[in-house]
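Take a look at this one; I'll ask things after.
A, B, C, D and E label the chains in the order they appear, each numbered from 1.
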Amino acid sequence: MTEADEIQGTTAGLEFEDQDLLRSIEDSGVAFRVVSTLLGLVILTAWVIFGRQILLGLGVTGLNQPVAWGFYIVNFVFFIGISHAGTLISAILRLSQAEWRRPITRMAEVITVVVLAIGAFHPVLDLGRPDRALNIFTAGRLQSPLLWDVSSISAYFTASTVYLYIPMIPDIALLRDRGVRPRWLYTFLAWGWQGTPRQQAVLERAVSILMVLVIPIAISVHTVISYIFAMTLQPGWHSTIFGPYFVVGAIFSGIAALMMVMIVMRRVFHLERYLKQVHFDYLSRLLLIMSLLWIYFTFSEYLTAFFGNEPSEMRVFYYKITGPYAPFFWSMVAANFLVPVGILSFRRTRTIPGIFIASASVVVGMWLERLNIVVPSLANPRLPLPTGYYIPSLVEWVMFAGGFATFMLGFVIFARFFPLISVWEIQEGRKLSVAETTERLEGYLPDPVPSSAAQSATERG
Amino acid sequence: MIVPRREFLKMLGVASGTLGIGGCGRDWLVPDRLVELAQRGPGLESQAPTICGLCESGCGLTVRLVDGLPVGLKGNPHHPLNRGGLCPVGQAGLEVLYAPHRLQAPQRRGAGGELEPVSWDDALAEVGDLLRQLRSENQGSRVALLTDEPGQLFRDLADSFARAIGSPNISSTKSEGLLPFTLTQGIAQVPGFDVGKSDLVMSFGLDLYEDGPTPLHAISAMVGSRATEDRAAHIYAGTRLSAGSAKAEIYVPISPGTHGALALGVAHVLVREGNYNRDFVAEHTFGFEDWIDDRGHERLGFRRLLLERYYPDRVARICGCDAATVVRIARRLGEASAPLAVAGGEASQGSNATWTGVAVHSLNALLGVFDRPGGVSLPPPIPLTPLAVSETSSLEQTESIFTPDDSAGAFGVDPVEALAERVIDGSGPIALLIIVSSNPVYSSPAGGRLRQAMEQIQLVVTLTPFMDETAAHADLILPSHVFLESWQGATTPAAVAFSTLGLGKPVIEPLFDTRHPGDVLLELGRVVGGPASEALPWVSYPDYLKERLEGLVISGEGSVVTGSFEESWVHFLEERGWRFLEHRSLENCWAVRERESAWWNPVPARGDWARLFRTPSGRFEFFSQTLERHLREVGGMEAQAGMSEEEALERGIAVMGSQVDSDEVCLPHFEPPVTTGEGELQLLPFRPITARGRLAAVSPMVMEMFGYPFLDGWQTWAEVATETAHELDLADGDVVAVESDRGSIEAVVRVHPAAVPGTVHVPMGLGHDQPLGVAENIGSNPIEIIDPIRDSLSGALSLTSSRVNLRLISRRPHGGPAPLDGGH
Amino acid sequence: MERQPEPKWIYGLQIASVSMIWVFVLSISLWILHLLRLSRRLNDVPSASIGISIVAIPVFLAGAAILTYVFVGLRRGRTAPSESIIEPEEG
Amino acid sequence: MSRWGMVIDLDRCTGCGACMAACHQENNLPAAGPEESSRDRAFHWLRLLPEVSGSGAEVKVRYVPQPCVHCDDPPCVRVCPVHATYLSEEGIVAQIYSRCIGCRYCMAACPYNAKVFNWYEPEWPGDLKRSTNPDVSLRPKGVVEKCTFCHHRVVKAREETRAAGREMRDGDVTPACAESCPAGAIVFGDLDDPTSRVSEMTRNPRAFRLLADLGTKPKVYYLAERD
Amino acid sequence: MSSGPLRAALLGVLLAIVAGVAFSLLDRPIEQPIAFNHRLHVEDLGSDCTDCHLYAMTGVRATIPNVEVCADCHAEAQTDSEEEALLVAHIASGDPIPWRKLYWVPDHVYFSHRRHTAIGGIECETCHGPMGEASEPMPRPFVKVTMNGCMKCHEQNGTSNDCLLCHK
């Protein structure tokens, strides 16, 4: 009997242990409808407001002459950053065969796909003439970093959708086999999965190619996003470390967002059996490391600017450090460094609520970081012009809310139709990983002493 | 019922066809945009020269017409005044023409105070009836006329009109600042300052490039037409470093109102170091050395006064500058080959403006710059056809309400104040007030009083193209053309060294049912009939202009400007003997004039000292005998026969409120400026170039760039020195209330590192409460809060004497919340 | 909870969606090539475009290839439909 | 082919603002109005930059008329995703309004802040539209716009010289700002023609360019004031 | 249940077809208020284009003649054509004829006839086709004005294709 047969056996059998994981799909209650209706309303409002913005012009935002970019671009960078949660983390964990990844990867990948779509739409919100957005396709110039973005985001989106989908095939097949409706959907998406060894081999090979492929793409995406800024001559933007800085920030905010989602989902769908303290422990260690990395990058970025003492750089520098953006700058430092490090360094505070607070703080802090990058550089022109200011209008807040609502709705809908935790991976883990890990661990350990040497050692002792 | 679109259109087409209203159907058939395109015509271009009528300068314009519609304005490169340049307000000419708020037909204020449309005939008949009635009762003096329409030609016509109806009460609303020249030179006009040929212009309080009668002429003559190397150096003494005065080589920040002291300090150094023009002083001045009058009394000379009283240390103390600067300026002036001293702007708006003017002008005399290139001269008179003085002897001669009354001691009055006060106190029972192209309620510190007075006047008529503050209180509002629609005759502006005459012809048919003020006056003359119509025989204003300009042809003086400025010179020389006059006939001349739009005469008559100095002594009078006589008259010498001359003089000085003794009073001297109010700062309103003329506020473009030196628009700012801002804890962009004893206005703080501490400069030109263009309720008007003091000599109201406090209303708004969704 | 054979139309839809991915990926590649041509025609800088195209096109092709590989692999790796219905004995 | 450039003599400039106003009128720049202006939405293709140095009696203030400097290596052109802004054959950094998608990347990239954006559909109260220059378009909302060196005048001048059967001469083209300047401080011409006035003036030791160290190679030169 | 998505797909296809039809309907032929006969005027009577399109050589716009121009010949009816009667009525009433434009460029395009005809020496037919042979009003332009068309011609004639030249 093959492993696959065993899995199938469990799916069909009465001793199916992971009923919890399918509850959201098999008996979605009224809650789903209420929540999705509410979120849908928020999204609808955002669309109406967007329609109004198209009709009246971008004047309805708080943007103005020197500060030509605001919330839309900030949120664009922010959402794309969050999207690094998923694919990158899950790929790295898979690649490193971290066994504790099993309940995490799916959620991470979903975040990526949903948030990436939202993030990628943000530049369209920002266009003065969205009706002409197609000009990018008919008359694009690949010399423009914006086009690099279009290419790399679409590549990332394609890759991460595939990367979400392929490992999901066995779970879809499971749902198909359990007769969950709409059945045609699951049949369509299951691609004839039967769990045969050959199929498993194919799947495994595809996943391992993908996870290798996805990592450079993910890194390239955020590097390229940073290039939007770094490729200009503007003070505060024109920096060589922007690529890695943005990538670190993205992973940082991604992990934080992932943990927030995990904590919420754990609560909502009662996944305590699956998402255990140890998962959060490991992830928060990762978050702690990223926080330190982030402060390192931030420090070197600002120190270079400060030490160079270039007048226009200094204008931006002081605008952030002591000027109008000081509250945002320092709360960013607090939210990204002090709070997470303070909470996560100590076991006593590294509880689930503590982690939630730290993660939320990081998400807010990383949003502030994007704001601190986009606005101050624009507000401080090189020429002796008045310092600009930017106060987002209600329109931009609504669009922001719409973005979040879309994210949540995307997640809710996903959870309604697909398991949030990979069932087959859990089962596989249960079946195989103890043996496999033991074996692997033994592989890590020093080879056993040849018997003679062992003996002499014992003798000496 | 659902009608297919095609059917619907057909039905509509048939309907419109049968009813004969083609227009409706057409709108449906062809999109508006295409109709417009089709009707826009072939796009044939032409150019037409005319004169800018937006301020008193009268710069030359070239209008670009496409299919007969003006679509662009530029400076006329042939015009001797601006030589191709055009100021921001002039650029906005088309926005004035096409402004949405123009008055489109005459309006009459009804019993309830509401405005009703009225026909021109009825409106003029009403005025005519009143005029006829007053005239028949020999009460022509109950008519008053205020006009700011620029140019001597219109003024002459208005004078004729006033004479014809027997009214002596005609005045401009502005006091013209002539008195310093009357006292020293005995002339009743501002002489020409040849800034174009001077090599050092020392300006007291006047930003030559921004304020003054013709800033564009100053720029083109001092900067534009000269090579960089031989450009006139420029020294500026004042309290505010504006965009133009920032070009000065030396900037002397001084306390407000102390320009005269500085001038005298400079004079002191010139005299002490012997750097003055001895020949000129000896031959053409009076009162320099000590002298003995006809009674044998020894009198103080200007020289001794200077040396004793105006040594640099004292002057520096008064002015708040340092003594070395005074010496440095004096030496620069002494070394210059053609220096020139001019006063204006804030220096001519203080309570001591006349004294300042005299002190500054006496520098010109010390330097002996009269009657020479780059100096002070009188522009040659324009040989206009003289007007026949009509026979008005049948009318009772009465004194004008604009003559100063004896007790005031002044040479003149502020026209608006005098009119308002005399109407209110009943000493000038005006029944008909005609206000032409002027907005005194807004622009004069006595505007508030005038508004009260207007309520007591039986009929107030204003002639204006826009609803302004004055029109809002008038009984009859007669819309006039804007300059592009009307004939204009612009004569030499003040302080220009050559004479010019700009003839502006309309470039477009009047857009609305408007009339030229000149035509209105001629029409009124006809309505009144009798001698009035005889005195005003012209059918229309252009007819009048034509007749006046005949004199130019007959005299053969000057030249029509053609080609570039240089070509125009050659042409001018050619006409002086190198070839025959081109236009013999009047018609020909008129045609050429119409085509080229400007005439000029750049050659002053040299050596005509009698014309230059029309004083009792026939010289430049440091010691003003005119003033001495006036003071004695005021002091009551004639009234009380027994009084000695000295006593009369003393009393005259006392009446006038001067603080110096009788020796000094007729000499150039410094009178400390008087201020009112308890505020910490002195309010100095100024006129930025974006507020020139009455109609600048009509243009959205001008409003948008109103405060362009601060990259700002649409708001009134209060310029304060860095130190002052620091003391008051104010920052750039804060909104403050500028509070005087009279009231309070709102302004935005602008910190200027070069302003004089203790002053606050607020631009005039905003704060209209009438829909004058787009500017309704935009910014604020500093004149509203001025507590005016009279210049004791000229009677003019001072704009710079109020003390104010700044009270913070709100911090720079950029920290606060934005309007919810962008204000839409 | 018995497994039904896949209806034909679902299979068709699956084929269609996999082909759509190829259409999508190929059109992106074509688009990038079009932009390359355009940048040459407009005297723009083609080097950046070449750089992007060298990276982007293979990535998209790889993505599509993997999907196709999985699709074909899963098809091929199936036991016969009739077999799959029979529950294998638990060992 | 000419390479258009401009020299602004700061020694002559008196800061009268005529250039700014002329630019508004020539290029149909709408007024944003008080409300929008206070929210920094007012725009000018050419503005006077205030520069202050020193203080007290020694203070030096100057106003630098600043149009788009038309870089030879324009940072804005590099980033435009749709070829809506480009460096024309004649060295003019142009904006094609009908292609612009309004992403404002060029504005963010321009170190001179020379580009402006139409936040709303421009308004022309009353008949004011009649005063607009038919040679220049009225830009719609949502696009970026900028100084064109009065390109329409270049075209017109070329057309006229073609019709007259002669070559273009120095001085045939004058942008509105230069034309309106009463001080003659703005000179426009062909930088590639060594005999043109602009070329001559750029060789003046007083000549400098704004932010020249950024390597954008602006074609607007300034002549510093003499002491 | 299985027909649901099929139905949706069908509906989608149908919608696409409807949209296509609607789109093509928008491009309706242009109808003129008077059936002007170009052939009669040009070929038979030997008029020049510029006799009526007065500014084709000198102006930015060639202009479509209206009553003022037509009145030169048609102040009184010269034939018994019904269409002419319409024209004469228009002339008599002074109402402009609501001609519809056949050729036009968008607002953001600057096109000068003079630049192409007088300076560039291009014949009217190059862009407008053999209008003179049309005996009825054209329902659609002979040559569709497209940017590609302009650019191709410019390329062939060695004229600059600088965007600024036409896009203002």
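The rule is short, and it goes like this: contacts are C-beta pairs under 8 Å (C-beta built on N, C-alpha and C of every residue); 3 or more make two chains touch, one makes a residue touch a chain.
All values reported here derive from a predicted model rather than from experimental measurement.
Separation of subunit D from subunit E in touch steps, taking the shortest path, is 1. For subunit C, the chain whose average C-alpha position is most distant is B. Relative to subunit A, the chain whose mean Cα position lies farthest away is B. Counting C-beta pairs in contact, the chain pair with the highest total is B-D. Taking the mean of each chain's C-alpha atoms, the chain whose centre lies closest to the overall C-alpha mean is D. Between the CA-based centres of subunit B and subunit E the separation comes to 55 Å, rounded to the whole angstrom.
Inter-chain centre distance (subunit C to subunit E, centres taken as mean C-alpha positions): 48 Å.
In this assembly, the C-alpha centroid of subunit B lies 33 Å from the C-alpha centroid of subunit D.
Subunit D has its Cα centroid 45 Å from the Cα centroid of subunit A. Contacts with at least two other chains are made by residues 40, 43, 711, 818-819, 822, 824 of subunit B.
Of all residues in subunit C, those that touch two or more other chains are 7, 13, 38, 42, 44-45. Shown for subunit A are the residues that touch two or more other chains, namely 56, 59, 62, 139-141, 143, 147, 184, 385-386, 389.
For subunit A in complex with subunit D, the residues that touch the partner chain are 56-59, 62-69, 123, 126-130, 132-133, 135-136, 139-141, 143-147, 150, 228, 231-234, 378, 381-386, 388-389.
Residues 36, 39-43, 49-52, 66, 75, 78-84, 99-105, 107-109, 111-113, 116-121, 141-144, 210-211, 214, 216 of subunit D are the ones that touch subunit A when the two sit in their complex. If you check the complex, the residues on subunit C that touch subunit D are 38, 42, 44-45.
Subunit D makes touch with subunit C in their complex at residues 78, 83, 86.
Per the touch definition, subunit A reaches subunit C in the complex via residues 1, 5, 8-9, 12-13, 137, 139-143, 147-148, 151-152, 154-155, 158-159, 162, 166, 169, 176-179, 184, 187-188, 191-194, 196-203, 205-206, 209-210, 213, 217, 220.
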